[in-house]
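The first chain written gets the first letter, and so on, giving A, B, C, D and E; residue counts start at 1 in each chain.
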Amino acid sequence: MHLSNTTPPPGPSSPDVPVLSATGISKRFGHVTALTDVSLEVAPGEVVALMGDNGAGKSTLIKILSGALAPDSGELRVRGEQVHFANPSDARAAGIETVYQDLALADDLSAPANLFLGRERRKLGLLGRLGVLDNKRMQTEAEDYLRTLGARVPDYQAPVRMFSGGQRQTVAIARAGIWARELVIMDEPTAALGLVQTEQVAQLIKRTRDRGIAVVVISHSVPFVTDVADRIVVLRLGATAATLSPATTSHDEIVAAITGAATGTPTDPQESTP
Amino acid sequence: MTPHLPIPTVGADVSGPDTMKRVRRAAAALTSNWVFLALVVLVVAFSLQAGGTFLNADNFRNILFNASGTILLAVGTAYLIIGGQLDLSIGSVLVFSQVIAAKTIVAVSGSAESGYPNAGAAITLGIAVALAVGAAWGLLNGVLVTRLKIPSFIITLGTLGMGLGLAQVITKGTDVTGLPPQMVTGIGMRQVLGLPLPVWIAAAVAVVAGLVLARTQFGRYTYAIGSNAEGARRSGIKVTRHQVVLFTMMGALAGLAGVLDVARYTTTQVSGHSADNLVAIAAVIIGGASLFGGRGTIFGTAVGVMIPAVLNNGLVIVNVQPFWQTVAIGAILIVAVAVDDIKRRQQLRAS
Amino acid sequence: SATGGGSGKQRTIAFIPGCTCDPYYSTEIAGFKAAAKAAGVTPIVQGPANFQASEQIPVLQAVVQKKPDAIVIDPTDATALAAPIAAVVAQGVPVMTTGNNVNSDKIFTAIAASSVQGGRLGAQELMKQKPEGGKVVFVHIKPGISSIDDREKGYREAFDGQSKYKVLPNLYAGNDSATQAAGLVQSAITANPDLVAIFASNVITAEGAANAVKAAGKTGKIAVLGYDASPQEATNLKNGTLTALVSQNPYQIGQLAVKNALKYIEGNRSIPKDQPLVPLVITKDNLDDPASQTGLYK
Amino acid sequence: MTPHLPIPTVGADVSGPDTMKRVRRAAAALTSNWVFLALVVLVVAFSLQAGGTFLNADNFRNILFNASGTILLAVGTAYLIIGGQLDLSIGSVLVFSQVIAAKTIVAVSGSAESGYPNAGAAITLGIAVALAVGAAWGLLNGVLVTRLKIPSFIITLGTLGMGLGLAQVITKGTDVTGLPPQMVTGIGMRQVLGLPLPVWIAAAVAVVAGLVLARTQFGRYTYAIGSNAEGARRSGIKVTRHQVVLFTMMGALAGLAGVLDVARYTTTQVSGHSADNLVAIAAVIIGGASLFGGRGTIFGTAVGVMIPAVLNNGLVIVNVQPFWQTVAIGAILIVAVAVDDIKRRQQLRAS
Amino acid sequence: MHLSNTTPPPGPSSPDVPVLSATGISKRFGHVTALTDVSLEVAPGEVVALMGDNGAGKSTLIKILSGALAPDSGELRVRGEQVHFANPSDARAAGIETVYQDLALADDLSAPANLFLGRERRKLGLLGRLGVLDNKRMQTEAEDYLRTLGARVPDYQAPVRMFSGGQRQTVAIARAGIWARELVIMDEPTAALGLVQTEQVAQLIKRTRDRGIAVVVISHSVPFVTDVADRIVVLRLGATAATLSPATTSHDEIVAAITGAATGTPTDPQESTP
């Protein structure tokens, strides 16, 4: 029902099949159970917010969705087809891009080099076929793109090691935004960001959704989530605790669902299947 | 822990339409590269002290000739270190490859009495064998490091012993001799445009390796993996495969250095390469790389090879007492790198 | 199998070379094994990978555990090996040395081609080849290797008082790499155009020196002596990049070691404590002599 | 990159009131420490193969005696590596210290003819000199590393040359001999409770160093600095001073090892010890330390010293061909560390 | 005037002298000017929030206050006495504790070892004088303290390398809280925290203030800042842009001051001197 609130996604995707669906995911680390039988579905052009306390298993879940971790059990489907992500490349090949909480930037490389890491632009002709990079073009494109994000990058030639936390975060988000075709997953993208940059990330998420690309975003900020999300999934102690619609749920109800203070408020979990 | 070369950051746009600008920028980079300047200062100082005795084409040719093998090893080591790995086994791989290559050449080239009738084919085959055998050892190193997930320091310390021991088993501890003299005249000491062929080979390898590292996707991935292997993996880079390739390259270069050595001396040198690993690593680090990966250049590495090479030569020529030479080389090493670092920090502050 | 002596008991003799890294030792080992086989003796050959006392002593101690009838050792250090050898003798295992000396009276014999004498003979050969005089240089590996230090000693004694010759400071190829030796020799040639003779103190420095002379285009103009007589040195002697070799006759020493050890085991106590051998100088002229041919290493 | 020893995390509470519990816990830690088990397996295998020839008090005494010098060097190296540093100069520092100490002893102990009347005082003085000279070199290393802020790899590569060269200058390249025999009987080979004195000294150093590292503030700071030097600095730890102390300790231990060597051999060994750095680093890494700092133990380091020592001895006794020994040592090294790592990961998964 | 809203601080401090005052602080990194002539005063028991966009210079300022960086120019006073912090130990000796944005934890040490880093508890008697640690006591104290913070630490013996971002953050904050006598400085302490943990940090800040210890806290979250701060100082492009009182300033006015959208709303900067 909350899907009806969003504009119908453009692009090639059929709106009825979920972009990604995860069913019955469980994961243990040694004696720590991080996830127990968690399911999640994301429709095309839908923005799903993942909330939950520290250690609830959010990062673990999205690492599984993005191929960085293998689940102990459970099933993943992309556009209805069952998939096994052996590594993040598989997920990327399926059009899924991820911004990890522990940023996956190469500290010694510049911002453009990081933006294009793994998908470098090469020169035209023979040189390009030999693997020669077109650094000029990458830098220009990176500048253009980061400008549209409103990001201030102090130096396009300096290694990102020199950047502030926020600046590094911007680079990581920009990278996912450029490359996603089906789904962008973001683990606390705004944790280190200022108000302006947070607003810009919200805009980016909305623009991404409008391009028909789905978004899964983890955040601890209720105002931010209420602003961007079509649906809120709350994890508690490694299990799905509630699925909420921001349009029909109050701030306090959301907080209650996360903290587990009240159990009456969350909407019916069955609703999570659109 | 800081890079010594003010070469632009990896990923920065260094190409430009204006050639003059590029030349000027290159000159600026060189003159602000203090390890390189230290090398220049050494050359000038020896020239002032010894005049034409030091400063002559013959002498420079000799210095380059004797450095050519180390260049090959240091180039491979630079890739590995930048990619976050170490290879201690290079001396053993060199010896093992040269033993197999030499045995092959001796077997194929025909009898000495008849003037080694098949020398040409045998030498070509020998070079191919050396490259292949070296690459195979490198592949083994790479596979062990990436599969067993134990530090390359341990793996290559292990293969160091295995390679050397097997080479001794094969040769029963003596060197392989009886190689055709065509190896020396045709390769090992062949003069091409005024320089020995091994110098050209080392220069070509260094230039290509430098361009590949600075300009291509392969080089970019090397830096990325050394900088943050998990991040590179998440970016879709095939980290394991890349690391295996780096080790294999290293092995092939050690094989090449080994067969060029045979071509120069017409004998293997089973016991003469135990310090090769430290010499190569030192060159890379003097040249500004970080032992922790992600930083370094081939140009810096070449400078790092040349500083000890010039010192070894110049100190003999200006007749410094032998034991003081050892002291001087150690001290100058520290001073060169220290000056580079201090100047770099000053520049940073002033800019 | 054949028995080694009148007792009919199978004898075991151990040989511990200075290292397993050198054609000199592999030749001595070959001589030792050949003689052992001929005499029906079980040979044990164990040696350190590097020429170092601290590596050789553990090998000696491990070999003693096998209780051989005698031990032949080529000591890496005259002083450091004295006490360990004495300890072995105290356990009832007789010990003799070949090659280098040890400062100990506990050994029953020492068979050696004196390094000091070899250095002297080599230097005299260089003087013979360059009677007009000039500068000479000694290519060392690194100080503290007693056999090479002894060769240098003989070399200096020979040139002492010869006013026609000027002895340059030594060159030290510290990593024992041929290329390092070549670079140093080339530097010395560059710095001293009037260099007439080079004394290369072991197999690897001889390879480097020969190559440096060749690269400098001075083949035949500079007399180059290579200590030892490895196959490659012999080749270089033939092609003129080396002009003389000093052979220590390791194959013969290996054979003599077995003979002497057997004699001692069988109760012969009249073996002389010192059995000096004269190192053999080999040049192109005498290369084909039978003596020279047996002096070449395998 | 992972530690091999399932010793509790630094900072965990390891003391407990119940002695039985502690013993049981220690036993559990040992049996789940696979590098240690590899050592046990080696000992058992050699004993089965060679029986009493290998398994006898004399032989074990020799193994320990021969390993005692390496233990001293490896303990210092372990502290440095855990603290995030490297020292390549240890062999040179050892040689330099032993040369000065030996010269002192020869000068003070009196003439050989009169039976070295002052031998006792001379030896005491010599040991003090060796410790002081070694510590001074270590101090120099530490000061250079922390002031110049260039990697310890470069600094100690420089002082490696300087120390060795100066030792050669002082000795003019020949070893110092003529030491009083009292050194051997009184120290170098003196038997105390059935073991040579140097073994007791090495054992005492290892035990004290192990306790200090695991139990005291000094040890805690060493781990903290190697783990995150900037974080340690911000926590108020005097990082620079601590690092200088670590280098000084290393130097003093090298000096101690040097003078014990002299006491055993009655001669210096100017030409030896060039591989000491690699041997010590290897022991520390085999014992489970990370080359990047923050992890490692003295117990692991001791196991890392003993594995090659036992192999060197056992392979000779079971009469493996010398060249195959080199191969075997390399291979066993890899296998021991790999098994340790694989088992640890399995345990982690199963627990 | 906003100070009158707080309870008068207990403890030994005289309430009239600022705990810390910084005047005319400037700092450049190469060609980047991070701070220009910034001044800041903190009264005893006062909670000052530092806000501003990414790259505004907040972290640089507090690194200077805590001795981790030396200013190019400007003056620091603690309780009226001029000080020069050569390193963080000097600041710690003066009673100032800091939680850095790039967490200063030793990854290979356990949580108790990190809590007590640099101030280890030693055994009693001779052993203690020899430097022998009392790990048992440190662990007990750490458990007690972390429990009062409501922190869930998964394993008191595991290295903190294994912890989630939030868990690591909790350890860092707890460390500062234990040791501060005059002032606690926190750089984005809640960036990685869940709602429950954020609320606990707010409680911790208030409890700290009630003990008469001043707090300087950086945050991008307006609700959080409004909840805990007595005064808000806004940095923009390395300079002080505004000083606001949360009690009398609306959410939108604060946002405007940070983004620089409107210039009329901020209160008079002179007000920053109490």
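Everything that follows uses one rule, which is that a residue touches a chain if its C-beta (ideal position, glycine included) is under 8 Å from a C-beta of that chain, and two chains touch if they have at least 3 such contacts.
Labels paired with UniProt names: A, E = ATP-binding cassette domain-containing protein; B, D = ABC transporter permease.
Note that the structure is a prediction, hence the values are computed from the model and not measured.
S.K.: Please identify which chain has its centre, taken as the mean of its CA atoms, farthest from the centre of chain A.
M.R.: So the chain farthest away from chain A turns out to be C.
S.K.: Determine, using the mean of C-alpha atoms as each chain's centre, which chain is farthest from chain E.
M.R.: Comparing chain centres, C lies farthest from chain E.
S.K.: Just how far, in Å, is the C-alpha centre of chain C from the one of chain A?
M.R.: Here the centre of chain C sits 72 Å away from the centre of chain A.
S.K.: Quick check: how many Å separate the C-alpha centres of chain A and chain B (ABC transporter permease)?
M.R.: 44
S.K.: Can you compute the centre-to-centre distance for chain A and chain D (ABC transporter permease), using the mean CA position of each chain? Integer Å is fine.
M.R.: The answer is 50 Å.
S.K.: For chain B (ABC transporter permease), what residues touch not just one other chain but two or more?
M.R.: 164, 168, 172-173, 274-275, 321-323, 325-326
S.K.: For chain C, give me the residues that contact two or more of the other chains.
M.R.: 20, 49-50, 143
S.K.: Flag every residue of chain C that touches chain D (ABC transporter permease) in the complex, lowest number first.
M.R.: That would be residues 20, 44-47, 49-50, 52-54, 57-59, 61-63, 65-67, 77, 79-80, 82-83, 141-146, 149 of chain C.
S.K.: Which residues of chain B (ABC transporter permease) touch chain A in the complex?
M.R.: The touching residues are 8-15, 212, 215-218, 220, 223-224, 226-228, 230-238, 294-295.
S.K.: In their shared complex, at which residues does chain D (ABC transporter permease) touch chain B (ABC transporter permease)?
M.R.: 1-2, 88, 144, 148-151, 153-155, 157-166, 168-169, 172-173, 274-275, 278, 281-282, 285-286, 290-292, 321-331, 333-334, 337-338, 341-342
S.K.: Would you pull the chain E residues touching chain D (ABC transporter permease) in the complex into a rising list?
M.R.: For chain E paired with chain D (ABC transporter permease), touching residues are 66, 68, 87-89, 92-93, 98, 100, 103-114, 117-120, 122, 130-133, 135-136, 138-139, 156-159.
S.K.: In their complex, what parts of chain D (ABC transporter permease) are in touch with chain C?
M.R.: My answer: residues 50, 53-54, 56, 58-59, 62-63, 66, 69, 168, 171-175, 177, 184, 189, 261, 264-273, 275, 309, 312-314, 316-317, 319, 322-323, 325-326.
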